[in-house]
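One chain, chain A, links the two complexes that follow: it is found with chain B in the first and with chain C in the second.
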Partner chain A sequence: MAGNSFRQCPTSGLYFHRSAESLMKAHAVMAVVFFLIGGIFGLLVMLTRMPSVHLLSAETFYMALSIHGTDILIFWIIFFEVAVLYFASSTLLRVRPAMPGLGWLGFLLMLVGSCTTTFSFFRGNSSVMFTSYVPMPAEPIFYLGLILFAVGALVGCFLFLATLVVAKREKTYQGSIPLVTFGALTACIIAVVTIVMGAIILIPTFLWSLGLIPNVDPLVYRTIWWGLGHSSQQINVSAQVSIWYAVAAIVFGAKPMSEKVSRTAFLLYILFLQLASAHHLLVDPGLSTSWKVFNTSYAMYLAVLASMVHGLTVPGSIEVAQRKKGFTNGLFEWLRKAPWDNPVFSGMFLAMIIFGFIGGITGVVMGTEQINLIIHNTIFVPGHFHATVAVGTTLTFMAITYFLIPVLFRRELILPQLAKWQPYIFAGGMVLLILFMLGAGTLGVPRRHWDVSFSDAVLKFKFAGTAITMLGMAGVGGILAAIGGGAYCLIAVGSLVFGKRLDENASLFSSFGFPMSAPAYKVSQPDQLAMSPIESHGSGSHAAPGTFALALVFLVTFVVYFFINAKYLSSLWHMS
Partner chain B sequence: MSIHPPAQRVWWKQPIDKIEAAWIGLALIWCLILFAWMPYWHVFGKQNLSTESYKTSTTAFEKKTNDMIAKYTVRKEADGQIPVVAPPAGSNVYLAASKWAWNPILELKKGESYRLHISSLDWQHGFSLQPVNMNLQILPGYETVITLTPTQSGEFGVVCNEFCGIGHHAMLGKIYVKD
Partner chain C sequence: MTQHNHSGDAGGEEVPFMQRLLDNPFQLLALGVAFPIVIYMVWGLIEAVTIPLAP
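Presenting the complex of A and B:
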């Protein structure tokens, strides 16, 4: 590469390549745009499901729910993840990004695709939800948009892999790639498999919507579609766990307790998550019991094991780092004295705790073959995945945004007091929303339903009063979470526009060469990235007893909650 | 640090910390218990999905449902719109989901077993028996067969819990269980 293309961030010491920086900014900004759109529609959905408000008409409600699901679950998250891929490759490995021109093509495809699908929702004839189960038809442009988006994301994935090859060949780092990059590699590999699954099912469905194929079998659709729908959530898990390790390193200087354990856990994700899509089909006809049990338990529980391992090793690495700094009193001084007013840390830590305790436990319980009978398609399910995606993934991405605004965009955060509180507001609201959704779902309230009082139905049925009250309470949590989400958008966008410039020439477009002079880019190639310093590996220096105690609390909660649900199942009508 | 290459080139030979090893052991044991619980419940539990299901066509299933309705209808409800069917214990019972109704209303006896066949005549639907809270995915072209034994008497709602278009929230069926 000719000329000077890197700049070193004075606060973090990280090196940013100009082309990679522009790509990261573009993807991150589009992510926030879709977060805002999806979030607004999420609030409208919640305000409709609150029985006392019941805001939207049925038609608008199903449209709003389709937009909320797709824009948040796919567009916000994947745009952000592609930005993370550029960060974990080019920035962390100090290497030029491979073929940035192609990166822009990928971005363009994602942009056109996401806008096309969102536009198809607004036309009103594609309110088929995120899952678009056949034979319910959507307009062809709905599928086309998703396909274009997926191809764009696939380009981003291959450029990530190509950048790793460049880094290896140009020897920009010593030894093995860092753990965070390894986690991003996991996310990338799962993403490639996921997108291939999506192509296998969405391309025929697109052709079907054009009338070129007579029909798509609903069970085949569901089996392959969930290879996309569930696996894409595993991209999120891998990406967010990588960011947890990154935050532990950035905020505490933490190193992994054991590289071997953490990396093996990532490997388990690749090996066993793909088949976990089966647990969406536990109460479907046409699949054998052994297929269901094998694919959910054998595969899923080894992936669960991986998450349980990360759940110990991430806070464990923080505890070790804190204890080294002298916070050694009792089991939890390291945690009490953590920087709780730094949103980068608080957001990440809350995300991790809520992801594990609520999202993880409910996910495994409802993924048990027979227990799924009392949970399938109730509002328990969105309760579960709001804990995993809306808190686990989204709050993690929010947390790292607070790190990226000064480091990547070179702007000071506006409203620092609000930023300090934002993770707590968002997480608090979400926890309320989630717990009441789980509760209402346990009482049988369906998901994706405009009117659980059935006022338009010919026959009558009334849910328990408690269930209706819980929907109302969930709405209160949803409003609080929307305030937290709105605060995030305000701080993120506001900082880019109004935030104090940390460099004279820091502007949103400086990496794009606008203004023309870019004196920040002074380095042609940074020094080789050195390995972490070797430390003595005495058993005492790696002790994390507080984390182990927390892990035991987690395990007990898990066991108790599992058997409560098993007991509930045993009270049902008999069936075989 | 986690954003730097590992300290040792041969990091996979580094010993594992005691706490990590203990946790991996505990977590793995719990995962195996979770795994074992499912086959255990298939043997000892009373709530298991059968794997009996057939490929069918919407017309064939509709015909079987109408034949049963013609044979066992005891009365009509909702101004004569919906037949109430009381099939004999042990018989084949058909329930058809379509936009946006469950047909027919069933009248069963507590403690008796029925072979319940469910399928969809158009899009995907969700069979959600409330307030029992028993939920099944219903697909067009696939006939789900379960042997069902009501253990409570009373009036039960059949909610559709798979989104099936604009009338989804009005799709409500009914099952009566008599002592």
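Presenting the complex of A and C:
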């Protein structure tokens, strides 16, 4: 083999292949760019929904909402996820990436696509929000951009699978692929489904916008679109859970409590998570109750079960590792003595708790067909998904960024004190934003609504004073979260440009996707990855009483919250 | 090394079904695509397009 193409990171011991690391960097950098754009517009949306500020005009509001939803939910997250796919395949399996040239083509498609769609928003005639329900039309370039982006992401998925094949053929690892790679495989499989559904519906819609097809049926659109819209969120769940396992291993040296159980939980994701797409259509007429109930209840609960398994085994494995280190006092010494000032840990742990306690519980409750009627299309819904994507996924990605800056980019973090606080500021702001959105939604405040005071409407309606106050409070949380998000961008980009070089070959260019100069790569092929000892079963005691206690608190909260909502529902419909 | 080889060729040792499934990305991909396409999409579409049109 000509020349050396791997380097070993001296801090983490991980091996990075020259081409793969460039692809990771390019995707991660673009992700942060779109996070910044999406975040700024999120703040503007928030400042409009605060009744006392009401910043933007109606037209600009819907444009801003479209940019916020699309750029942050789709572009930030998917760019980052493709970077995770390269990491989980090439780096974790110590293998060269398959066809890196094609990887760059995929990147280019994603870049052109995301810029095209964002550009279409700024032209002002595509404020259809990320759901782009027909028959509300956007300009053709809006759909075209999304299609190009999706094709690019699909290329990333296939290269991930191809890299698994190369690794197997070249025997770069023993036994099964590591759990984190398995989680990434889950994300990749769900991404393929997402993109297939997206193609099935967005290509006809694109043709319709060009006038080549007379119409697209709204119910057909909604059914298939949510196969994309919901599934794409499940890519996030799988990717973020994989990162939780990775962080537990990186920070604590923790081993999964049971490989078998965790992998089976991922399998439940692969089989069932995407069926829950139906929960977005619970109030749509035309689809039968059997279809709704099968897809949301039977299937969704199996996927929820899987999330609860991960929610138990990730902290459980951390607890086991901590107890081994001697933090054995009481139920929670292991948790109290965790490195709370390390943003890699604090970000991941906060993400997990908020994802589970707020996102998970509200999700299951509103995924119940009857209860859904109380909050359907209210601001409760964005409340729920800011807990899942804006905290669960986003904060997890932020946390792993703090690990990747030194390890992948070979730069020291700038502003380490700010980095220490950043997860708390972001999570704290988000929790306020979320809780008050949930509250206002329960009182009936609609989502995607420019002016809930109805000042220039013919038919007036007055919301309870508490609802209006809650929107204002949500705004305070939103501003705090935006400060936390801004701090993240500042630290991430600032470190890539100004951070102290940890490798003399790390240049400004190498921060943005170019390989480092040749001497950085000293290894031609790393040693074969040994089989993790845990794979041979029977790994001793797994006592994690603290985690068990936390799980009980979780279950009690769950039951109480479900009960409150069912009670509320029964009081809305008086039956004699 | 006493640990068996998961690719299933060596030693004549029977690899459990679940493990063979979990170790085969393409089988997982096929299942992961088939389930939602059939149970969610095809079933949902059949319901959506069989709604009778108003006269």
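Simple rule for what comes next: the second predicted complex is superposed on the first by the 554 of 576 C-alpha atoms of A that agree within 3 Å, B and C clash if a C-alpha of one lies under 4 Å from a C-alpha of the other, contacts with A are read in each partner's own complex, and residues count from 1 in each chain.
Basically, a contact is a pair of C-beta atoms (placed from the backbone, for glycine too) under 8 Å apart; a residue touches a chain by one contact, two chains touch by 3 or more.
It should be emphasised that the depicted structure is a prediction, and the values quoted were computed from it without experimental measurement.
With the two structures laid over each other on chain A, which partner does A:287 touch: chain B (first), chain C (second), both, or neither?
Both partners.
Could you figure out whether chain B or chain C reaches more residues of chain A?
B
Taking the superposition on A as described, I'd like to know which of chain B and chain C A:75 touches: first, second, both or neither.
Neither chain B nor chain C is touched by A:75.
Touch test for A:178: chain B only (first), chain C only (second), both, or neither?
first
Per the contact definition in the header, classify A:41: touching chain B only (first), chain C only (second), both, or neither.
In the superposed model, A:41 contacts neither chain B nor chain C.
After the superposition on A, what does A:219 contact: first (chain B), second (chain C), both or neither?
both
Determine, under the contact definition given at the top, whether A:402 touches first (chain B), second (chain C), both, or neither.
In the superposition, A:402 touches no partner, neither chain B nor chain C.
For A:299, is the partner it touches chain B (first), chain C (second), both, or none of the two (neither)?
The answer is second: A:299 touches chain C but not chain B.
Please work out whether A:196 is in contact with chain B alone, chain C alone, both, or neither, and reply first, second, both or neither.
The second partner, chain C, only.
Just to be sure I read the superposition right, which of the two partners does A:531 touch: chain B = first, chain C = second, or both, or neither?
both
Take the contacts of chain A with chain B and those with chain C, and give the residues found in both.
175-177, 217, 219, 260, 263, 281, 286-288, 531, 535
What part of chain A is in contact with chain C in the complex they form?
Contacts found on chain A: 161, 164, 168, 175-177, 182, 185-186, 189-190, 192-193, 196-197, 200, 217, 219-220, 223-224, 227, 231, 260, 263-264, 267, 270-272, 274-275, 277-278, 281, 286-288, 291, 294-295, 299, 531, 535-536.
Give the list of chain A residues in touch with chain B in this complex.
Touch list, chain A to chain B: 58-59, 62, 92, 129, 133, 135-136, 173-180, 217-219, 222, 245-246, 248-250, 253-261, 263, 281-289, 293, 296-298, 301-302, 304-305, 308-309, 312-313, 316-317, 364, 368-370, 372-378, 442-444, 446-452, 454, 456-461, 463-464, 529-535, 537, 539, 542-545, 547-548, 551, 555, 558-559, 562, 566, 569-570, 572-576.
Going by the contact rule set out above, which residues of chain B touch chain A in the complex?
Residues 1-9, 11-12, 14-20, 22-24, 26-28, 30-32, 34-35, 37-39, 41-42, 45-51, 53, 55, 77-78, 81-82, 101, 105, 113, 122-124, 126, 128-144, 146-152, 157, 159-174.
For the complex, which residues does chain C have touching chain A?
3, 5-7, 18-19, 21-23, 25-26, 28-29, 31-33, 35-37, 39-41, 43-45, 47-49, 51
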